[in-house]
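Quick one: the structure is below, questions incoming.
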Amino acid sequence: MTDLFWPGDERAEDHFTSASFLHAMTEVERVWLGVLGFDPGQGFPAPAVAELDVESGGNAVVGLVAHLRKHLDGEVARWVHRGLTSQDVVDTALMVLARDAAHAVRRDLRAQIGLLADLADRHRASGMVARTLTQHAVPTTFGLKAAGWLGGLLDADDDLARLRFPVQLGGAAGTLAAVVELGLDPDGAGARLARGLGLEPAAPWHTSRAPITRLADAAVHCTDAWGRIANDVLTLSRPEIGELAEGAGGGSSTMPHKQNPVLSALLHSAALTTPQLAATLHLAAAQVVDERAAGAWHAEWSTVATLLRRTVVAGSQATDLLVGLRVDTDRMRTTLEAAAESVRSEQRSMNELTGREPSAGYLGAAEAQVDATLDRARAMLKSEGAP
Amino acid sequence: MTDLFWPGDERAEDHFTSASFLHAMTEVERVWLGVLGFDPGQGFPAPAVAELDVESGGNAVVGLVAHLRKHLDGEVARWVHRGLTSQDVVDTALMVLARDAAHAVRRDLRAQIGLLADLADRHRASGMVARTLTQHAVPTTFGLKAAGWLGGLLDADDDLARLRFPVQLGGAAGTLAAVVELGLDPDGAGARLARGLGLEPAAPWHTSRAPITRLADAAVHCTDAWGRIANDVLTLSRPEIGELAEGAGGGSSTMPHKQNPVLSALLHSAALTTPQLAATLHLAAAQVVDERAAGAWHAEWSTVATLLRRTVVAGSQATDLLVGLRVDTDRMRTTLEAAAESVRSEQRSMNELTGREPSAGYLGAAEAQVDATLDRARAMLKSEGAP
Amino acid sequence: MTDLFWPGDERAEDHFTSASFLHAMTEVERVWLGVLGFDPGQGFPAPAVAELDVESGGNAVVGLVAHLRKHLDGEVARWVHRGLTSQDVVDTALMVLARDAAHAVRRDLRAQIGLLADLADRHRASGMVARTLTQHAVPTTFGLKAAGWLGGLLDADDDLARLRFPVQLGGAAGTLAAVVELGLDPDGAGARLARGLGLEPAAPWHTSRAPITRLADAAVHCTDAWGRIANDVLTLSRPEIGELAEGAGGGSSTMPHKQNPVLSALLHSAALTTPQLAATLHLAAAQVVDERAAGAWHAEWSTVATLLRRTVVAGSQATDLLVGLRVDTDRMRTTLEAAAESVRSEQRSMNELTGREPSAGYLGAAEAQVDATLDRARAMLKSEGAP
Amino acid sequence: MTDLFWPGDERAEDHFTSASFLHAMTEVERVWLGVLGFDPGQGFPAPAVAELDVESGGNAVVGLVAHLRKHLDGEVARWVHRGLTSQDVVDTALMVLARDAAHAVRRDLRAQIGLLADLADRHRASGMVARTLTQHAVPTTFGLKAAGWLGGLLDADDDLARLRFPVQLGGAAGTLAAVVELGLDPDGAGARLARGLGLEPAAPWHTSRAPITRLADAAVHCTDAWGRIANDVLTLSRPEIGELAEGAGGGSSTMPHKQNPVLSALLHSAALTTPQLAATLHLAAAQVVDERAAGAWHAEWSTVATLLRRTVVAGSQATDLLVGLRVDTDRMRTTLEAAAESVRSEQRSMNELTGREPSAGYLGAAEAQVDATLDRARAMLKSEGAP
């Protein structure tokens, strides 16, 4: 579905849509029936999104269970959902969606890490002026700038890699009383539910929301890292600077000559919105009360869906940005040479202090730093766990 | 469309959907053609949302204009969008949507103000215990509590009432150069565009985003006010307190006996999410740079759409909550009487100080305050400007 | 006190310090004694901040009242604080501080409005290139840019001008029961308390926090407006652009040649932090429950203090920025001329459409817009209510 | 220093004060002199906070270096700060403060984990009613509730335990050019600086702010976990429920009978404020541009200081809350028994389904879950790395 309010939203495909959420919740019920000893077969009756009354029960599960009970055969129908509570289904389904979205993001990060490793390596000797507080500072290389971007992505991927996607199974209030009452071994039941859905078994987390908040923090870490790349592209593609350009800029509705850095603008936009979404998820976690919070729990769903969709979209846009990025090394060199007097002022004060001869490029450990980051990138790209 | 992540989302109907956004943008182009001296006629060619490529131009207008030029007759086609820029169309369309959403919210506020005025009046003598920092404090009345809720809604409506919904007309960079180049009087053109869309003429606000941030602040003011009512209902409908109850609580997926305060939970949820959305809009306003910001502008659209939809939904839910609210005055009285010893401790210290006889109810100015708030409510309900 | 974490914090002087908060709370108690019919005289015993145990009572008032009772003479000592509750004292004192801080901000805004009116007028014909989405767009003037900044400040001042600073007088739970029990007329008592402190009489707002959230929203509106100016200065003072410069840039600790746009950096920094502080105040307002909220109320104090101090500091820094701002009209003109081909592309498409001759500057209504904004500025500067 | 706006602020002692920040920055300069081969001796000249002009250089380092150069002997004076830039000193000093604050928080977490492990064990059979969406749900035990709190703290401690506190050493723009120009081996110099300050050597992170944002996320994780405990205490200490009480409630300024749950209120307050502070730090990370960001970097200092001080304060308050917490098992049992009919409704539907006899307590796996959490707690308490 095209979203006119969020350009590129369709890149997120089925991640965290109502339909995929419903599918995941239905899968939780189907797998759970297997745990209860029933084979629900192929034709498991999934309702359409539009058929569900979500509000009157406070979530979609009451309506989903009613639908399933109506459309399944007698004995199976009676057992649907037994032992579960709404929160088990909703939270577990969110983890299914979260796992898939995180996987998609990591695939994009992997591609970007490869692209940036190549870029950093290729431009390890491409001199440019470093800028601090908007002003020319000292010489650097575009390779080191790319390595800096790369390091940020590696940090973000580290946070995604440590995420766990646990099943939530606690029953009405976290005691698993109904599961036990049905004669099931709670640990075994949880393990089978987790296995059937590709999640991890876990203690109930209905009131401890770290699986949500850690996911949120890791997602924001990604948009932080992409946002910073976008800022550099936006700045360096200004016509007065002209050191970088997007592969294919966006057109204007009225000015025929314009080539706008659209992908960078959209990445900057995403990075402005996600931290507050994560803050909402932390607030919700901090507002938990009782064995299920009235409101704090409900606030999570749309917020995490929006946050993760935006992260997937931004991840895809960032890959395109890096694929198409054009680097004007001539312009970089020209600007650096023109600024030679000022950007060597620090060097002169060092030489005065020591009496030593000035080094040629005043580039310090730039190349060694590029190498160190490339080592880190190669290790990540070779690792087994990565997507 | 049912949104499984936000129960009740369908209450917001067409407010701030992609389709209504596209319709509003198309209307801007159609009315503008009229300003340019063309009669686009009845069959103005509106594309479907799915036909538009939103991302490559950074917004939907480039694609919309291409569609219009393709489907309109020759001379008219050449004039479509002339004098405008994308931001004129997007910002003006957002104001059309904002005006309609604010109107819907005010209709609900008006209904709620009527309901609460009645409730405050009816329960002006219904004694209950006031609670501060969770503990019993002194006597109060439910009428005064309802008047307090009412005062909060009147404050929120005041902020909505002062909103202005200005047309944005600045051309490529706010100078209106193309409008003048076409031979139009810029003020006159702006006035006609505004009149044709039911908006106000205004100086270009492409880089001064107060129309967006004031809208956001007013919307959050509403959810603040509803959230506070919801908190009281959630607390007072706990079974140990039992002074209030929702008309029809939500059922549980596993516990047959439960009656959950669903509407209050959803209002509390909404109030947890909206302040951060408004913060994003302020951040976007503060990130403006140049004559059109790359990213800060783009971050507004989905954020304001989500914020306003949630406000409309919450407004409708709040009305239902108040319509159905059940007040147990017996329970209030019983609790107040049981707490008489402690909740009169302040009174005793006053009487010791003055030597005066204790008043019967120790209710101070509660009734006068109810009357003062009712006066305010009646004035609002009678005012012309209100929806 | 110098705050090493917030450069320039000392500009906020005594606004919202612990000492001024304590002074304001003490004043509330002193004036209230007058309302009760006592003349506390000149030597009212104010404790030092360090003497107060703030935590055990949850706020400073319990300790303050104990101090006053110990150091005042017998009969007066017995009457201290009678009729009030902690929240009356805290909230009213916050309004005293808020009024003073808002006044200081408006004084700076007034100065800036004068400076910008002059700048816009002086540069109404200083041509420069307008930039949209970082790229050259069409011609504009620096006068129009300055008028745009000015319009943003006028909007912000409008929001400050409508703020009200109400006394809070509700007693233990908003009923004014103790006030009445003491034999006072509650309206009269409130009016005298308000008059004695330079505030407005008002219905109790202990549970309706619009006086806090409107203050917060107006403060953020200011930092939004300054932030946007700072962004333009940061961008246009890049050496490759060089159209603006701060009067006296900051030095570097290691690079002798650098002139950093420090004031702009600090204004940008402030604008990144304030929206989330306002969000916290809205969350606190939305978390109100009972007749005094446990936690939501407490969250306001430090947040509003930080927000208002930062606003006062930023206001003062913004004035300095504008006082010292250097405008390089030669550089503006050179860049505009060099970009003539592209920034006239829109104009050419208009001329092709109409067959009319191109206008000389393609500046549209730029000058008329400057005039309109100057009119607005002059009206504000002449208004009585302004500081 | 007592902070009247944040009750209990003095619990944070010297963590993240201007004085300790200055001390840490001075230490960075002193240790760096050692790396440069100088022995600055005992009497290293530290300026007082009030002596520094922080604003004109944009941070305190310019002033600090000038002070040191003035007060050190000739040759040493010339070498002060050589090879460093302001950001090296500020960022490294922040990591010193962060490490100490995180250590203090972990000490409190350790104490709380011990207390809660004891509480969970002791109350493994203390039956109480579980509440979901404010209503009675099914039976549970207070031991399981305490184990739930405990699990949340263990999760939070896990996030603190993985934090790294890296030295920042990049020189003017991250190339370490001056360090190399001075003839130093950059890796060796970084390692010695880190060792001298008790930090970890690291690649320059001047533009990749994960050390700040991960710290922020972990801090918010703590306040989330404490906030949730506080919410339960606030709810369960309502007089109508009466299952928990703070050891020593706070008094009222006007109502002699009151015992307010002050510590819980303050923890709830803290948890409302911290997520938005972390959001600001993510925004700052996402706003990085160039080799040093103008504004985004500056926004971090006060925000991280406030966030960490509040976390330390809340940690200390949470320990006191748990030390003093009073549990009324009689009240719990009475309420559970009175609610037997409804809270067994789920059980009846399970028994109807299976035909099995109802279990006595309907407590499912509650005790096994307590044991599992206690195992986790014991492992943490025995671990070497923990403070």
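So that you can tell them apart, the chains are marked A, B, C and D in the order they are listed, and the count of residues begins at 1 in each.
Keep this in mind: a residue touches a chain if its C-beta (ideal position, glycine included) is under 8 Å from a C-beta of that chain, and two chains touch if they have at least 3 such contacts.
What you are looking at is a predicted structure, and each value in this text was computed from that prediction instead of being measured.
Engineer: Which chain maximises the distance between its CA centroid and that of chain C?
Structural biologist: Using the mean of the C-alpha atoms as each chain's centre, the farthest one from chain C is A.
Engineer: Taking the mean of the C-alpha atoms as each chain's centre, how many Å separate chain A from chain C?
Structural biologist: Comparing mean C-alpha positions, chain C is 36 Å from chain A.
Engineer: I'd like the Å distance between the centres of chain B and chain C, where a centre is the mean of that chain's Cα atoms.
Structural biologist: Distance between chain centres, rounded to whole Å: 24 Å.
Engineer: What are the residue numbers in chain D that touch two or more other chains?
Structural biologist: As it turns out, chain D has residues touching two or more other chains at 58, 82, 85, 131-134, 137-138, 171-172, 178, 234-235, 250, 252, 254-255, 260-262, 265, 271-272, 276, 279-280, 283, 287, 294, 346.
Engineer: Looking only at which chains touch which, which shape fits best: line, ring, star, complete or other?
Structural biologist: Drawn as a graph, the chains make a fully connected set, so complete.
Engineer: Over in the complex, which chain D residues touch chain B? Could you list them?
Structural biologist: The touching residues are 131-138, 234-235, 237-241, 249-250, 252, 254-262, 265, 276, 279, 283, 335, 339, 341-343, 345-346, 349.
Engineer: Could you please specify the touching residues of chain C with respect to chain B in the complex?
Structural biologist: For chain C paired with chain B, touching residues are 58, 78-79, 82-83, 85, 130-134, 137-140, 144-145, 148, 151-152, 155-156, 159, 171-183, 186-187, 203-205, 207-210, 213-214, 217, 220-221, 223-225, 227-228, 231-232, 234-235, 271-272, 274-276, 278-280, 282-283, 285-294, 346-347, 350-351, 353-354, 356, 358-359, 362-366, 368-369, 372-373.
Engineer: Note which residues of chain A are touching chain B in the complex, please.
Structural biologist: Going through chain A, the ones touching chain B are 1-8, 16, 18, 21-22, 49-50, 52, 54-62, 65, 81-82, 84-86, 89, 171-172, 178, 230, 234, 248, 250-255, 260-262, 264-273, 276-277, 279-280, 283-284, 287, 294-299, 301-303, 305-306.
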